[in-house]
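In what comes next, chain A is part of two complexes: it sits with chain B in the first one and with chain C in the second one.
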Partner chain A sequence: MINIKNLNKKICLGEIKSVDIIKKCLNCIKENDIKIKAFLRLNEKDSFIKASQIDKSNMKNKQLSGIPIAIKDNIMIKDHNMTAASKYLEHYISPYDATVIKKLKMAGAIFIGETNMDEFAMGGSTETSAYQKTTNPWNIEYIPGGSSGGSAAAVGSGMVPLALGSDTGGSVRQPASFCGVVGYKPSYGLISRYGVCALASSFDQIGVFSKTVMNVALLTSIIAGKDYNDPVCEPKGWIDYTYNLNNPYILKNLKIGIPKQLLDYKIDNDIVKVFNDAIKKLKLEGAEVFEIDIPSCKYINALYKIIMCAEVSANIATFDGIRYGYRSLNCKNLNDEYAKSRAESLGYEVKKRILFGTYVLKSQNYYKYYHKAQKVRTLLIKQIKDVYKKCDFIFSPSTLQMPVKFGEILSDECDIFLIMANLAGLPGITIPYSFSNFGMPIGMHFMGPRFSDAKLFKIAYAFEKISNFNINIFPKYLSPVLHKKDKI
Partner chain B sequence: MFIKEKELNIIADLAKIYINEKEKVSYLLDLNKMESLTEILEKIDVSGLEPTTHLTDLRNVWREDIVKPCSRKIVNQMLNSAPAKEKNFYKIHKVINVK
Partner chain C sequence: MTILEATLGLEIHIQINTKSKIFCKCSTKFGEKPNSNTCVICTSQPGTIPLLNKKAVEAIVKTGLALNFTINKQCIFARKQYFYPDIPKNYQITQLDPPICSNGKLIIISNKQKKIINMKRLHLEEDAGKLIHEVNNKKLNYSLLDLNRASIGLMELVTEPDFNSSEEVIEFLKEIKSIVEYLNVSECSMEEGKMRCDINVSVHPVEDKKLGTRVEIKNINSLSNIKDAIEYEIKRQKTIIVSNGKVIQETMLWDAKECVTKSMRFKEDTLDYRYFPEPDLVPLNLSNSFIRNLVKEIPELPKRIKLRFIKNYNLSEHLATYLISKKTIADYYEKALKTVKNPKIIAKTLANWISTELSAKLNSFKISIEDSPITCKNLAKLVSLIVSGSITRIIAKEIFEEMWKRSQPPEIIIKRKKIQQISDELTIIKMCEEAIIKNHNAVKEFISGKNKAMDAIIGFVMKKSKGLANPLVVNKILLNRLKKL
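Moving on to the complex of A and B:
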């Protein structure tokens, strides 16, 4: 798989034309996306115009000059349609750029298309999209994971080298693991969410997909940083996350904690085998691997469901069919208009979460559910902080279950260790490590203390090197474009 | 079942979402499943713990409301997103009915 830094260098030196990259990319998408269905829309004309401008102009010297990137369809690109995979926003045109998009435009990136997702990012399989079903590139009978399933499948199939997603409860890292790519969720407050369709605001973060840790670190360096339009964005100085990424001694004496609560869950056999192999390799590299105790692990699911749904019900309340979005016809009055517009345009999963959120926030229930959950969240965060006094990073399988076939249901515990990062605002990264007996990818997950993102990338980079996953191998039926064999 | 049909009707009314009879059956099933998942929290001792409402040190910042000029282009763009408009306004159903 291509190294974006090198590809960018070649474009800057005029050795490769951005137009040619875009052409190859679009041809690849046209050939493969019939099966994968990762893209909701392609920006063919705009991409070519932008690419030829870059080839001719002095915009060549930017970090992502002429590099194609796919964007999850809940991130606003000015004058582009943004649906969040919902009928409610079917005809919505973004009036401004999200902060990350603004930064990517300045860096010279080309937005080749918008990717499919679960409706308003609510789901873990991309099946709740109102438009299409995205398939897993490694076996099209299986789900790609979600909610950023389109972005994960687009990168996993080699159609694009980079993609953005959003991660509220594992929505970047779970599909990344299912599709055999690197998926990263930053510390809460590292990347601005301005211009991103909100799901649950105390969890939401923008995340990054690519085939390599180096590319993910590069893209993160470009989009991270303080933004006055997102009040939770922390005023950290600019960091180049690719700096000193290759540190061969980083794993030596590194203290890695394995939650002993892993034993409480049913984990697929293939994943257990691969996880044990990964631990063995980490030890061989000199890491100190030991058990840690996070007793509140068992509350994660309940906590997440209550707080997330409560925040969903507050955020989705802004969808009133008045200022934008779908409005039902033939309504009797204003209340009727709200209720019918939502009923007709929102999917079952979205409505279910709004209803449950309303239930836990109802005045009679507020203290029993929402307030209590917030206190238990404090308890969980405290326990995790204590654990980080003993270990540097927490290591676990990314998911406890392999991807399932369409229509089958993933267990509630599948991505419990990913959700932990969202509940505590911690950075997490999944790195493809191996394959199951059935040829599906298996990812491993590192989670660090808040704002340890730079060190997390270094560890992920070293781990990537010892993994059994060959990133140059793609599913046989696919013909990926940005690939070493293509000599670009 | 903890959440009964009467309760579901109240929640749907609060959330301002119409749900039909057919949907009600599956919502009742799913919402009760979610509710039962939360039972685990009941017995936890959280005395002395503050609720985590957000993860950053956010504080309210008060400032005066100042009207800033806005270009016609942006106003039009915002209005054009609306399903119904009239002149410079979003058009909605009558809220106050004067007889």
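Moving on to the complex of A and C:
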């Protein structure tokens, strides 16, 4: 599997041409994306122009010079179409760059295309996209997960080495786990949210996909950091997350907590087996693994739904057909225009969440639902803080269920240990660990205290080395281009 | 017969005069081309996040301190949700509980009586844009949207129902306006919509403790309209109650043309704003030093300046009120006094000149006092000359005109125009003798004891000398001469 740092070095030295990388990348996409349908749009012309500029210029010395990256279609790239996979934004052109995009442009990255997702990131299967259904690269009859399913499938199938997603309730880590890639959600406030089409503002974070922890850490180093445009972004100095990433002793004596509450849920047999194997291996590495207790786990789903939908109902309100986006014709009056523009352009899942959020915020319901949910959220955060006094990191399977076929429904509990990280603002990373009996990838999840991201990467890196997952193996029917066989 | 009493409460919106909007960097300049002061944030493009303007927080804390509010150092913002095209996000960022300032107090004087007005809250929020439904008095079959005003910082002040008459309301509003202007946190012009006032009016029998049904009057754009609207509404409600009718709780608009309150078609009271804490902004956490520094920035407030003027300079209430009506006028006055050695001597005359001659000129040329061509130093010089008797009022006015035109100090104008006073006794004696001859009637009256008759004789000399004769010398010589007769 390619190491972006090395590839970048070669481009900078002129040993490899960025144009060639882009060509291979696009060929691979053209060949495979017919089946995967990860991309909503490709930026073929722009990518070649940028790549040849980099090959000629002194832009070469940047960290991501000439490296192709896929961007989830809810992140603003100036002058690019941005739909958030909604019909409402079908013709919307971004008038500005998201902060992460600005940083990536400065680092010389090439935005090869925009990836499919659940409409406005609402969903866990990428099926709510108004445009297309993305498939799981390991078996195209299965969902890739979501909401960043396009980005996960694009990386999982080897079409691109790097991708950005957004993670509000597991939306990066769940599809990463389903598609057999590393998926990382930073601590809340580590990466600027400016320019990401908001889902639930108090949970949203941009997340990163790649096949290796090293690449994820590299990309995170580039896009993280204080941003004037996002008030919740914490003032932290620049950190190189790849620094000392390889620490062979990191797992030794590491205190790893396993939530006792895992026993309360139905977990797929394959996952249980693999999880127990992972614990065994961690112990062999010298880690101290023990049970921890987070009693409020059982409320995670309810709190998440209430708070997320409440914020959704306000955030999505701006899509009203007045200033931009879809506007229904032949409306009788203003209210009719609002109603029809929204009814005709927003999907079922979006409408459902708007209605639910509107309901929980009604003045007579506010204390019954939203206010209570926030109180329980505070309690949950306190319980997790207390747990971190005993253990360094919390370890769990990324999902409690394997990916399902299209049209089938994942259980409500599938992602709750991922959602916990969003509710508490904590960093989480999923690392592919093994395969199920049916050949589908299974990921494991580490969650650390807030702003322990640097150490989390080190642990993930060490864990990646002991995993049973060979990242150089791709689904047989695909012809990935950017891996070892191509000697780049 | 039962005596009915009116109870009034106010909700005032004051636009904060920061250079940029409260949640983005757009300019707040009034009267710019529609939608020119907009950006991705205040038009609510996807992915944008509000950025709090620190200056707006400073402005409201200063105002809160000046109005004796308690400052809540920890407070949050909230989203108030409703759909209308003038708020692009379809929610307004405002504050619910706690507001940044709570429980203020202001003393007003109405009908020569002191009254304390209690204020519930003063909070920060963003303004809405403007919808335009007609152009050149022609109704459009569509609406135009101008977002220049959207997201300009507002302070909302809510009073307790502590008012009982329109006079009290007007006094209060004048006082607030003046304090806010002195703090330099808002222009407060009602015409430009920078200060807007909604009024709650209810009427109940005096012996009842419970207040009557409340009617809200919205969108009144001048003090005189506020007075008219209140008086009309009180009368309307009293008539209803007297005839055993029931006042309906509703929102009304003041129709300034017909001078009546009119029911608004939709009832705002029935809207559920679905408030919840704003997740995009971090909670406000004001430090003690932040507040201490703002306390230092609060200038002496108009009420105190007025008392000081009356006490130190022996000014009339009326004159002092005029001088403090604007901070710039009071500043001009005090700066002028500082340029002379003994300010007390000229204080009263100077105040008179500012309130009459200077203000008339400024008004007719629509110039504000800080841009006056006559500097405060030069006006003080002119007034000093008048007070010392070196020039007469008539001459002073002539010099004043020249000073206005040329923006020069009085001594230069006197030199150039050769307006030198005649103090030479021989010349004046000659004129006095002529005056005695030509005004023998007045002379006779004076000798018979009517001292007032002297004025006519002096007047003759002044006229003869084109106002240049030194009035003190004229007086002295005439008295001398007349005594000898």
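Simple rule for what comes next: the second predicted complex is superposed on the first by the 488 of 488 C-alpha atoms of A that agree within 3 Å, B and C clash if a C-alpha of one lies under 4 Å from a C-alpha of the other, contacts with A are read in each partner's own complex, and residues count from 1 in each chain.
Note that a contact is a pair of C-beta atoms (placed from the backbone, for glycine too) under 8 Å apart; a residue touches a chain by one contact, two chains touch by 3 or more.
Just so it is clear, the structure is predicted and the values come from calculations on it, not from any experiment.
With chain A as the common reference for superposition, the partners chain B and chain C occupy clashing space. When the shared chain is aligned, chain B and chain C each come close enough to touch A:338.
Measured by the number of chain A residues touched, the leading partner among chain B and chain C is B. Touch criterion not met for A:10: it reaches neither chain B nor chain C. In the superposed model, A:412 lies in contact with chain B only, and not with chain C.
Once the two complexes are laid over each other on the shared chain, residue contacts for A:326 go to chain B alone; chain C is not touched.
Contact with chain C, but none with chain B, is seen for A:366 once the two complexes are overlaid on the shared chain.
When both complexes are overlaid on chain A, the residue A:379 reaches chain B alone and has no touch with chain C.
After overlaying the two complexes on the shared chain, residue contacts for A:197 are found with chain C alone; chain B is out of touch. When the shared chain is aligned, chain B comes close enough to touch A:354, but chain C does not. In the superposition on chain A, A:311 contacts chain C only, with no contact to chain B. Applying the stated touch rule to the two superposed structures, the overlap between the chain B and chain C interfaces on chain A comprises residues 92, 95, 202, 231-232, 313, 317, 322-324, 334-335, 338, 358, 362. Those residues of chain A that touch chain B in the complex are listed here as 92-93, 95, 188-189, 202, 231-232, 234, 298-299, 301-303, 305-306, 309, 313, 317, 321-327, 331-340, 342-343, 346, 348, 351-352, 354-360, 362, 369, 371-379, 381, 412, 424-425, 450. The residues of chain C lying in touch with chain A in their complex are 40, 43-52, 79, 81, 83, 85, 88-91, 145, 272-276, 279-282.
Residues 74-76, 82, 84, 89, 92, 94-96, 98, 193-198, 200-202, 228-232, 310-311, 313-314, 317-318, 320, 322-324, 334-335, 338, 358, 361-363, 366, 370 of chain A touch chain C in their complex. Against chain A, in their complex, chain B makes its touches with residues 3, 7-8, 10-12, 14-20, 23, 26-27, 30-31, 34-35, 37-41, 44, 46, 49-56, 58, 74, 77-78, 80-84, 90, 92-95.
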